[in-house]
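Shared between the two complexes below is chain A, which has chain B as its partner in the first and chain C in the second.
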Partner chain A sequence: MIGFFLRRIVLTIPTFIALTFLTFVAIRLVPGDPVEARVGEHGITPERLALLRHQLGLDQPVWKQFLDYGWGLLHGNFGTSLSTSGSVLTEFMTLFPATVELSLVAMALAILIGIPTGVIAAVKRGSWTDQILMSLSVTGYSMPIFWWGLLLVMLFAERLGWAPVGGRIDLIRFDYDTPTGFMLIDSLLSDEPGAFLDAVRHLVLPAIVLGTIPLAVVARMTRSSMLEVLNEDYVRTARAKGLSPFRVIGIHALRNALIPVTTVIGLMTGSLLAGAVLTETIFSWPGVGHYLIDGISRRDYPALQGGIMLISVVVIFVNLLVDVTYGAINPRIRHGG
Partner chain B sequence: MNALTLFRAAVGLGLAALLLGSTAASAKTLVYCSEGSPENFTPAINTTGTSLDAARPVFDQLVEFERGSTNLKPGLAESWTIGPDGKTITFKLRQGVKFGATKEFKPTRDFNADDVLFSFQRQFDEKNPYFKVSGGKYDYYNDMDMPTILKDIKKTDDHTIVMTLSQPNVAILANLAMDFATIQSAEYADYLMKKGKPEQFDQVPVGTGPFVFSAYQKDAVIRFKANPDYWGGKPAIDDLVYAITPDPTARISKLKTGECQVSPLPRPADIPELQKDANINVLTQPGLNIGYLAFNATKPPFDKKEVRQALSMAIDRKAILTQVYGQAGQMAKNLIPPTMWAYDDSVVDYTFDPEKAKAMLKSAGVSGSIDIDLWYMPVQRPYNPDAKRMAEMMQSDLAKVGVNAKLVTYEWGEYRKRIQNGEATTALFGWTGDNGDPDNFFFFLGCDGTKPAASNIAKWCDKDFNDKLAQARQVTELDQRKKLYSDMQVIQHDQEPVLNIAHSLQYEPVRKEVIDFKMSPLGRNQFDGVSLK
Partner chain C sequence: MAAEMSSIVSIDEVPATLRAPPGPFAAFWYSFRQNKGAVVGLVIVLIVVGLAVFAPLVAPHSPIEQFRDAVKAPPVWAGGNWRFALGTDGVGRDMLSRLIYGARVSLFIGVAVMTVSFVVGVLLGLLAAYFGSLVDIVITRVMDLIMSVPDLVLAILAVAILGPSLINTIVAVTIVYLPRYVRLVRASAASEMQKDYVVAAKVAGVGPIRLMLSSVLPNCLAPLVIQAALGVSDAILEAAALGFLGLGAQPPTPEWGSMLADSREFIRSDPWIVTLPGLAILITVVAINLMGDGLRDALDPKMRTS
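Right, the complex of A and B next:
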């Protein structure tokens, strides 16, 4: 097991190097540069332009900039934001808990609803229930996040007033420190009555919006995987032995059907974070999504590079975790079989 | 019981547990849905209106703009006198002004001349220990040409500051009311430098303003508390909260539901709906800006004023106003908007007359069809909501008088650089005023602006215009200045280096419980003097 884990870790090293290089180059291929992006209608003298470019190290050859950046990364230095002059790592870590919290709740929602939905659809294959559930899942999968989010805001926030439009907490009623950055935890730590429920209220709509597509994928994946497993000989044998349908489906079949579902959940981490960018925009959710968008518009190279790198680290780590879990569930994979 | 009622009841029960916390607003807390996070809290090193708005509650300047106008009033300087040669300005500083405190810093002295010296010296003196802190880029100080204008600054006593100018320039007073000229605490700067945390100076602001900074969470919230010791009197609201909401749709939704009371920068498409909302007042006023089409006077045939005038008559600006600006534009005949004191209403605008335009082109020696390039911005600007659409409409109008315009654009930074280097033959561009002084508009058609990378994209240099521009900086009598600017408007209209198109209108939706919020022509949002019902 440890050997498997180490092998996987070693394999991530070239991935990181390639990622660093790609991010670094891709950002510089976008027209415009950070200094030009600061200049408005006032214009800028060539002397001042040269001075600012020098201050930011942009007058260095690109290969040298890359080596400097790589050297910094090796020392845990993700650079300094060109627009705020703050440490990219610190800024990212301030915002990241909000994205993680939203993503975890959205994923939990997707798993807790998606898996039972898929199982029910598989067991009742071809029935009206199956068709309705799968139609809903196709609808959920096809729904543009932006449209879906706005629809929910208009209905539940503007029209019915049941949920807030955005943010993580009622800013008028609550003013407390957020040591962990996870509002659900911080609201409990704050000892302010009603804070936790208010944090939940703020989380409901964004989590539904972000969780919709993963939910649809998990449901469909579970259904197809279950159908495959339900036709296996060992399931037929279990049934023939007189085991209860719950034990056959819930334990024997589902456990094996979950292997591909687990992989899909890992792979979805990337798309979940991409979806978080849009969801965070709709719900004014202070996560890393807006940080990256802002980085693009300001041509804030370090913020953008650092942000993408850190997100990539998370995606790779989650997939590594999934691989390990997968290996644990299926020993053939662990041994390279 | 109809289906909707049933649906409401069902979902209502499901969410009942989550509804325990209702959004009962404290009467003294005002929430402003700001459009983004600030770069930091020191205006001198910031470039965006968002950042300047975020720092404004905490700070003051020597000279200030009256709320909702560009008129100047005393700020931290009680009074000022301009020397007989026009080159020195002596400021008498207000006494007994307190700085706010933070969790770890408690000021031990009142505001004095050292704070003024520190705040300016940081921006130009490389020996100042804070010169390079937080990147050390002082864009506004440089953009407003302060390194050239300000020759020296010194204190003669703790409450007197003398500024020496390289040449007489009355427009500097308006510069000093801008955010970059904010006065910060020298004592706080020293304190943090000794602690080895100078960068905190720009992140946790300490000022003399109407509010005291309380907390900031990036992309989430900025909190301020009323400053009970404010020299101008304690603000009417106790807490000021900036709920950071970058998406314009979310800002409007929050305003409608009462999650915030003031929401800037609405999308033009949302205005009609907001105007119908019984809980919202939509404030409006002409923006301090101008969108124009520049003719490059160094490139034939635009070196002839008759050609520039002819093209101005060939373009249907009324149609542009309707289709590009919708409700949010006002036709421009002068470079400055009509709200400015120097505006000359006697200038007679060019009318849309393609036939006359054709005849003028012919008499100017331009026969048959000609090919030109017409550049347009790839981005929305405050003075031009859709430059591409505008360029297409112009292209169609110009074709009718035999001018074939090829549309050209580049990435915004590249676009600006190229047109300022004089590459375009005709180009759409514009200007947003910084401080309300007419000089801040007319300067960009001055001869200095024709240099490469400078602001005069028409590359038009008229000696008479330029002399009057310089003269208007030196005279202190308002009537004399007004006469000079009036003459310049006549010259500009006759020479037509640019075709003035429109001044865009600004909108600011505010909930009706907000009392006495004033829109600023400079696009500022400020909350001293604002109260809540």
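Right, the complex of A and C next:
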């Protein structure tokens, strides 16, 4: 068991090294001199340029720069943002809870609605209900979520005024500390009346938008894996024993049907973060996706480099966690891998 | 010869039960047809392809001509006139024509990404499966690396390096989707390599290229075709997302995603400018996915979803 964990962890090391190399090379390939981008002054003296280059270590040979970069990463130095002069890691960690909160709520929506939808579709296989639910699922799966977000903003924020257009909280009405970074928790801790409701109102539309594709995937997966399980002998036995349909479907069948579904849910982290980039852009949600897009428009390459590195580390880590959890649950994976 | 000919019975005289089993295509078509959604998808895809191919004939106006007398004209159902059936955008370009020409751009991106990643994916996957050991490890690790960066983030990075343009969108999206093909080919080719027929072919002295391309590859094709079909719709979505972020095809190219990006300022006043391009993306992607599901059911009964 421990050997399995260690093997999985060791396997990620080459990926990390390669990732470091990739972001390092990629950012150096980006057109435009980072020093000139940072200075932004016309008629800057060559001496000052050279000084800045020296300060950023850009006058070193490339291999030395790479080693310095890698050494810095090992010490938690993910670079310094050109536009704010702040540490990329610190900025990332300030924004990260916003993305996590949004992703968790989106995922919760997807699971809480997706699984029952899939079960109903499987049980009523071939009926109108099934066909309508599955048509909705294909539509959700195919959704250009940036457009979906704009539509919801247009309808619920602009037309009906039920939800705010963007942001996490009404900054004019509320001002309180955010010790956890999770607005839902912080607003409850703040004791300001109405803060929690306001946070929820801000969260609903982005969560629906980000949750749409996972919801559709979970519903589809649940349906097909449920259909397989419903044909198994043990389900027939449970029925023959006279158990109530609810018990047979909701407990006996669902428990096994959920195994492939949980795999899919675990592996969706990467696409969830990619979706967060678009969702955060539409709703001005101050998360890491927004940070990356800002980095591009400001040509802030260290921020971009560090941000991409950190997001990938999160994805690799979550995938590792998913892997290890399955190893713990399922001995066949443990010994096969 | 003539005598021989006359002894052959016309196909119509043979009882249906005695006829040869249907060819692979007929069998495929029969089972594809069972899936109503797939047929609907196919019809829509054919219509979109038709519009894209014949865009200059079908579109009422040029996609980039600005009608200064009709800026933000509403569509017919909102009090507009038939000159601009779907209205015009913020600088007076005809929405209908832009959407029709946009089909060209989106389908071109989708098909180009699919073709390139299919070919490169097959090559790399077969190389990994054939040589194993170091070649396999290098290829697999690189693909794992690509997959560890969230797809849109990687595409954004690639476009940041290459600069935003239509061709670079294709390159970026291809890089993102390549691992799926490589892994699929590698996995199924590696399991085919264990089979007796491959051993037999090797013993018979079949060379490596012929072995991989004409013996192994055809047996890996079914999941690959399904992946390719669904890959087109993913590529269209991804490219539209890049366009929406301003990193795709550059103006005035009528690309659906970038049309949406331009439209954000009209969200309050002129909703059709926002609604229509997205609807075009959604309809096309749904149709391709429905078709892809049908392909899956027809080609690979094991993966059948219902």
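The criterion applied here is as follows: the second predicted complex is superposed on the first by the 310 of 337 C-alpha atoms of A that agree within 3 Å, B and C clash if a C-alpha of one lies under 4 Å from a C-alpha of the other, contacts with A are read in each partner's own complex, and residues count from 1 in each chain.
The rule is short, and it goes like this: a contact is a pair of C-beta atoms (placed from the backbone, for glycine too) under 8 Å apart; a residue touches a chain by one contact, two chains touch by 3 or more.
Because the structure is predicted, anything quoted here is derived from the model rather than measured.
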(request) Determine, under the contact definition given at the top, whether A:Met93 touches first (chain B), second (chain C), both, or neither. (result) neither
(request) For A:Leu104, decide between first (touching chain B), second (touching chain C), both and neither. (result) neither
(message) Per the contact definition in the header, classify A:Leu310: touching chain B only (first), chain C only (second), both, or neither.
(response) neither
(message) Per the contact definition in the header, classify A:Leu150: touching chain B only (first), chain C only (second), both, or neither.
(response) both
(request) Look at the residues of chain A and decide whether chain B or chain C touches more of them. (result) B
(message) Per the contact definition in the header, classify A:Gly270: touching chain B only (first), chain C only (second), both, or neither.
(response) second
(request) Determine, under the contact definition given at the top, whether A:Leu320 touches first (chain B), second (chain C), both, or neither. (result) neither
(request) Considering only touches as defined above, state whether A:Arg125 meets chain B (first), chain C (second), both or neither. (result) second
(message) Contact-wise, after the overlay, does A:Arg173 reach chain B, chain C, both or neither (first, second, both, neither)?
(response) first
(message) Looking at A:Thr281 after the superposition, I want to know if it touches chain B, chain C, both of them or none. Which is it: first, second, both, neither?
(response) both
(request) Enumerate the residues of chain A that count as touching chain B in its complex and touching chain C in the other. (result) 31, 150, 153-154, 158, 281
(message) Give the list of chain A residues in touch with chain B in this complex.
(response) 31-33, 36-46, 48-49, 52, 55, 82-86, 91, 94-95, 98, 150, 153-154, 157-158, 160-168, 170-173, 175, 178, 194-195, 197-198, 200-201, 204, 281-284, 286-287, 290-291, 294
(request) Please name which positions on chain A make contact with chain C in the complex. (result) 14-15, 18-19, 22-23, 26, 29-31, 125-126, 135, 138-139, 141-144, 146-148, 150-151, 153-154, 158, 220, 223-224, 227, 270-271, 273-275, 277-278, 281, 292-293, 296, 304, 308, 311-312, 315-316, 319
(request) Give every residue of chain B touching chain A within the complex, in rising order. (result) 8, 11-12, 15, 17-21, 23-26, 29, 31, 36-37, 39-40, 45, 47, 134-137, 139, 142-143, 199, 202-203, 215, 217-221, 223, 241, 243-247, 249-250, 253-254, 256-257, 259, 410-414, 416-417, 420, 429-432, 444, 452-455
(message) With touch defined as at the start, can you tell me which chain C residues reach chain A in the complex?
(response) 37, 141-142, 144-145, 147-153, 156-157, 160-161, 163, 233, 237, 240-241, 244-245, 247, 257, 260, 263-264, 267-268, 271, 274-275, 277-278, 281-282, 285-286, 289-290, 293, 305-306
